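Which chain is which? They are A, B, C and D, in the order written, and residues in each are numbered from 1.
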Amino acid sequence: MSASYPWPGGHRAGLCVTFDFDGESPLLWRRRNDPPGDVAELEQRRYGPRRGIHHVLGTLERTGVRATFFVPGHIAATYRSAVAEIHAAGHELALHGWCHEPPADLDAGGLRDTLTRASDLLADISGVRPAGYRSPSFRMSPDGFEVLAGLGLAYDSSVMGDDRPYRIGGLVEIPVDWATDDAVYYRCTGGTETRPPYGAGDLYDAWHAELTGAREAGTLVNLTMHPWLSGRPARVLGLRRLLEAARESGDVWIGTAGELAAHHRATAPGTAGVLDVPTDTLGWPL
Amino acid sequence: MSASYPWPGGHRAGLCVTFDFDGESPLLWRRRNDPPGDVAELEQRRYGPRRGIHHVLGTLERTGVRATFFVPGHIAATYRSAVAEIHAAGHELALHGWCHEPPADLDAGGLRDTLTRASDLLADISGVRPAGYRSPSFRMSPDGFEVLAGLGLAYDSSVMGDDRPYRIGGLVEIPVDWATDDAVYYRCTGGTETRPPYGAGDLYDAWHAELTGAREAGTLVNLTMHPWLSGRPARVLGLRRLLEAARESGDVWIGTAGELAAHHRATAPGTAGVLDVPTDTLGWPL
Amino acid sequence: MSASYPWPGGHRAGLCVTFDFDGESPLLWRRRNDPPGDVAELEQRRYGPRRGIHHVLGTLERTGVRATFFVPGHIAATYRSAVAEIHAAGHELALHGWCHEPPADLDAGGLRDTLTRASDLLADISGVRPAGYRSPSFRMSPDGFEVLAGLGLAYDSSVMGDDRPYRIGGLVEIPVDWATDDAVYYRCTGGTETRPPYGAGDLYDAWHAELTGAREAGTLVNLTMHPWLSGRPARVLGLRRLLEAARESGDVWIGTAGELAAHHRATAPGTAGVLDVPTDTLGWPL
Amino acid sequence: MSASYPWPGGHRAGLCVTFDFDGESPLLWRRRNDPPGDVAELEQRRYGPRRGIHHVLGTLERTGVRATFFVPGHIAATYRSAVAEIHAAGHELALHGWCHEPPADLDAGGLRDTLTRASDLLADISGVRPAGYRSPSFRMSPDGFEVLAGLGLAYDSSVMGDDRPYRIGGLVEIPVDWATDDAVYYRCTGGTETRPPYGAGDLYDAWHAELTGAREAGTLVNLTMHPWLSGRPARVLGLRRLLEAARESGDVWIGTAGELAAHHRATAPGTAGVLDVPTDTLGWPL
C-alpha cells in the first residue's frame, strides 16, 4: 500500500464537513423549461434556507466544527442574511454555480461568467473571496478545471478519483464520494422519485463505518450534505453524534475544505504517493 | 437557533397521527383513462376500508390517541359506515378531494367544486363540517391555498416548508414530510412498482428516531399513513409500540391536526420565529 | 375490531408456506416475442428446478412442514421428476398457468384451456387433481374467478383484499401480500433490474415480525416463495429458523392452502365477520 | 438433498474471492457512441486502478488469501504495472473481454478475437496464459462456451445455474450469484442511477450469512467484487473481517477460481450429483 498521507498535526485521518446550500436552485435549473404545476418540491427545498440551516449551524456550534458551505449565487441573493450568518459563525463560503448549473451543461464562457457573478456576490456578503468550487450534481466538465484555475481558485471538490487530496492541473482536488453524499440516501421528492428516505440511525451507522475505515487506511471522509435534507431534526441529531465521535477518537483532523487544500498545496511537493492528474487526461479517451 | 415553539401544555414536541383514508381512489384517478385489466391493485387497496381501518381504529383506541382522517368523497360515499365509525370513535374527519385529485391537476373551480361536494358529504355523515384539507399526493397548487381559505377552511396539511405549524396566506399549515409518510416505505403494487416493502421493525425504528429528534429540537412529527398499508397486522403492532413510547416520554403533545391548527391560530401572533408565507410567493419564481 | 377467525385446533393465527415453482417459465412468457441474446436469466432461473427445489424440500422435511407448490404446466413437463418428488414428500400441487401466463393477458377461453392442460398433467404425475390456483404475477382478471369455479377448483390464492381466508364468488380466497413475497426482496436479474437482493438475515427478521403481528391480530401469514430465489443456501437456513420459531410458538396453525380452503368452506357459514365478495363487484367501478 | 460436494482437503464449503478489475472499461463500452459530457463516472471508476487496487492487495496480503482478478485487455494495457503487481503477489489473472464487451453483444468471431488479444497481453505481462473467463455484466451468450473451449480455456465463471462447480460443455463453470456481487449493492454513479450505496457494515453482515448458509449446505460462495467499489477504505475493512472469519471457521476451503476448476476437473467424474449441462440446451427453448 502507498505511503500514508501527512495529515495536519500528525492525525491518522481527515474529515471535511461540507454542505451544498442549494435550497430550491437545483429544481429551478432542472425545470427551467417546464415549471411544475405544484409547489411541493419548491416548498420542500425552501425548508433548507428557512429552517434546516439553523439546525445545522446550531449543531456545528455545539460540536465546535467549522464547515464549508457551497452556495449558488441565486441562493445567496435570495437568502442573503442566512449566508451572512454562516460566514459570521466562522464557516467557509465557496462556489456552487449561479443557479446550480452543472459545468457539463455550460460552455467554458458560461461557467466563467456564472462563477464570476457568484464570487462577486459572496465576496460582497462576507468580505472574503471564495477559494473553492463544487460542481452541481458532481458533473464536472473536462475543461472546467482550467476555468477554475483561470479564476484564481485554489481548489475543486467535485470528483472521486482518490480518497486523499490530490492535484488536477493547477488545482487541489478535495475528493467526494457518493457513499458520503446525503442526497442519495435522503432525497425523496414525490412523483417518480419516491425512493424511501434512509432512517437517520441507519445512515450515521454507515458513516461511522466510513470514519472507521478512514482511520484504518489514513484517508479522507468528505461529507456532502444539504440543509433541506440533513437539516431536519432527527438527522442533525445523528450528525451531532457522528461529529462528537470523530472528535473523541482523537486521531481525526477536522477542518474546512479550504484549509485542507492549503495544507495540501504546502506539503504535497514533498509527499510520496500523492497523485497529480494532468487536465489533458480527463477527457474521453477513445 | 430560533425560539422554541409553544406546544400546548408546555410540552417539548408535537405529534399528529394522521391517515389518508384513500382506499382505491388514487388508483381510480390515476388509471381513469386506462383501467387495468387485472384486479390486483384494486383488491389490494380495498383491504384498507375493509380490514385495515378496523386494525387502525383498534390500535388508536388501545393507545388513547385521537387521529385525523383525510377522506376522499368517493370513499366516504362507498364506505359510509366505516367513516361514521371513525367519527363516532372521536377522531377528526378532513378533506382529501373527491376522488383523490391532486390540485395541480385541477383548475381553481374544479378544486372548489370537488371539495364542496366532499365537505357536504362528510358533514352529512358526521354532523360536523371539516376544517382541514390534505392535497392528494402532496401535490398542492400555488392557488389552492386561496381556494381553501375561500371555503372557510382553517388549515392545510400538504407541504414541507417547516417542521412546526406555520402560516400560508389565511391558513395554518400543518407540515408533512416524506420521511414520515408510510407510502414511500410500504407501497408495492406489482408491475413496475416492485420496490420491496420496508420491514415493520425497520420503519418504526426510523420513526422512533424522528420522535427523538423532534423532542430534542422542539418540533412536530406529523405521521401520514394509509389504512391499506399501515393497517396490516405487523404494522399496527409497530405503530402501537411507537404511540406508547410517545405517550410514555411525557414531553410530547399528541392531538389532531385540527386541534393543532386552532392552537396555532390562537398563539402564533405572540410567538417569535413563527413563519408566515404570503401566497403570492409560492409560484414559480423565475 | 371484528371477531377473530376460527383457526383449526383453536390456534391464534395461521401460516401457509407456499412456493411458486416457476423456474424459467416467467422469462419464457415475458420475452416470448424478443428472446434475450444471453443465457444469464435463463440459467439463473434453472437453479430453482435443479438445485433450489432440493434445498427447499430438505428444509420442509427437517421442520415437518407440508407446503403448497404452484407449478406451471411447462415446468411440470420439463422437470417431471422434481414435481413427482414434491408430491411424494406429502406436499400439495396446485395450478400456476401453463407457461406463467397472467389471466389479465388471456381471455376466459385461454385461461380455461391452459389450466385444463396443466391440471391434466399434474393429475397424471401425482394421481391427484389440483384444487387450487395462483395467478402468475398476482395479476388476476375480474372474470378469472368464474373460470376457476367452472373448472371445479376449490380455491384461489392471488389477491390481497383481506388478511384471513375469504370468499370470492364460489371460491375460497387464500389471500397473499407483497410483504411476504420473496420476489420483491430477492429478485435481481441484471440489466435494468439490479435492485440489490435483501440479506437473508434482514428478510427473515421482517417475516418474523409478520408472524408476531398475525399472532396478535389472529390473521394469516401466507408466504409466497420461489425455489430459484429462496432455495439458495443462506435463505433456506433463514427460512428453517422462521419455521422452527412458528412451530415453537405453539399458537400458529401451519398447513397447506388446500387444507385451509377446505376448513374455511366448512366453517365460514357460521363465522362472524367473514368476508364474501360477489364477483360482479371486482371490475372497474367507474 | 443431493450428495455433498467433495471440497479439497475435506472442507465443508468453498470460498472464491474474485475481482472484476474493470476500472473505466464498462463505461467506455457502454457510452462508446455517446460519450458523457462530464468526467464524473470516468474519474470515479479510475479510483479502482489508482487506489482501490492497492487497498485490495493489502487486504489480501494481510489475510493470506489468493484471489482471481478478471482483467479486460484495455485495463491491462492502460494500467500494466498494477496488473503485474497483482500477478507478482501470487494472484490469478483471467479474462474479462478487451473493453468489457458482453458476449451477447458480439458474434462468435468477435468474442474469439477480443479474448485472443487480451490473453496475449496478460501472458505477456505475467508469463502465464489465462485459464479462465468471466463474461462482462454476466451476459454470457449460448455459443460463447464453445468459443471459450476452442481457445483452450479450462473454466468460465459467469452464470448462476448451481451453487457448486459444474460442467457446461467442455468447461468447468464456477458459478456466480447477484447476492454476492458488490456492484448491485455499491454502484451509484449519479444521473438516473442514484440508488443509495449499502453501508459497509450491512453488506458484510449479509455476506457472512451467505458463508454460514454455504457451510450448512456444503456449497460455494463466489464473491464478485470491483476495486473501484470494494476497494474503498470502509469496505476493505469489512472484507478483511469477513475473510478472517472464513479462515477462523476452519471448515471453508479458500482458493482461486482456477484452482477450483482444476480440482473439479480432476474429481468430478467420480462425484455423485455433479451437474453436466450440454451446450445445446442453453439456447432459447421455445
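Worth a mention:
Criterion: contacts are C-beta pairs under 8 Å (C-beta built on N, C-alpha and C of every residue); 3 or more make two chains touch, one makes a residue touch a chain.
Just so it is clear, the structure is predicted and the values come from calculations on it, not from any experiment.
Rotation angle for the C-alpha superposition of chain B on chain C: 90 degrees, rounded in steps of 5.
Looking at which positions face the partner, chain A and chain B present mostly different ones, since fewer than half of the interface numbers are shared. Spacing of chain A relative to chain D, judged by their CA centroids, is 35 angstrom. Measuring from the averaged C-alpha position of chain B to that of chain D gives a distance of 49 Å. Residue positions 195, 198, 202 of chain D each touch two or more of the other chains. Taken as a graph of touching chains, this assembly is arranged as a ring, one closed cycle with exactly two partners per chain.
Every residue of chain D that touches chain C in the complex is listed here, in rising order: 1-2, 102-105, 135, 137-142, 158-163, 177-179, 183-185, 187, 195, 198, 202-203, 205-206, 209-210, 212-214, 216-217, 219, 275, 282-286. On chain D, the positions that touch chain A within their shared complex are 24, 28, 32, 35-40, 42-44, 46-47, 50-51, 54-55, 57-58, 186, 188-190, 194-202, 232-238.
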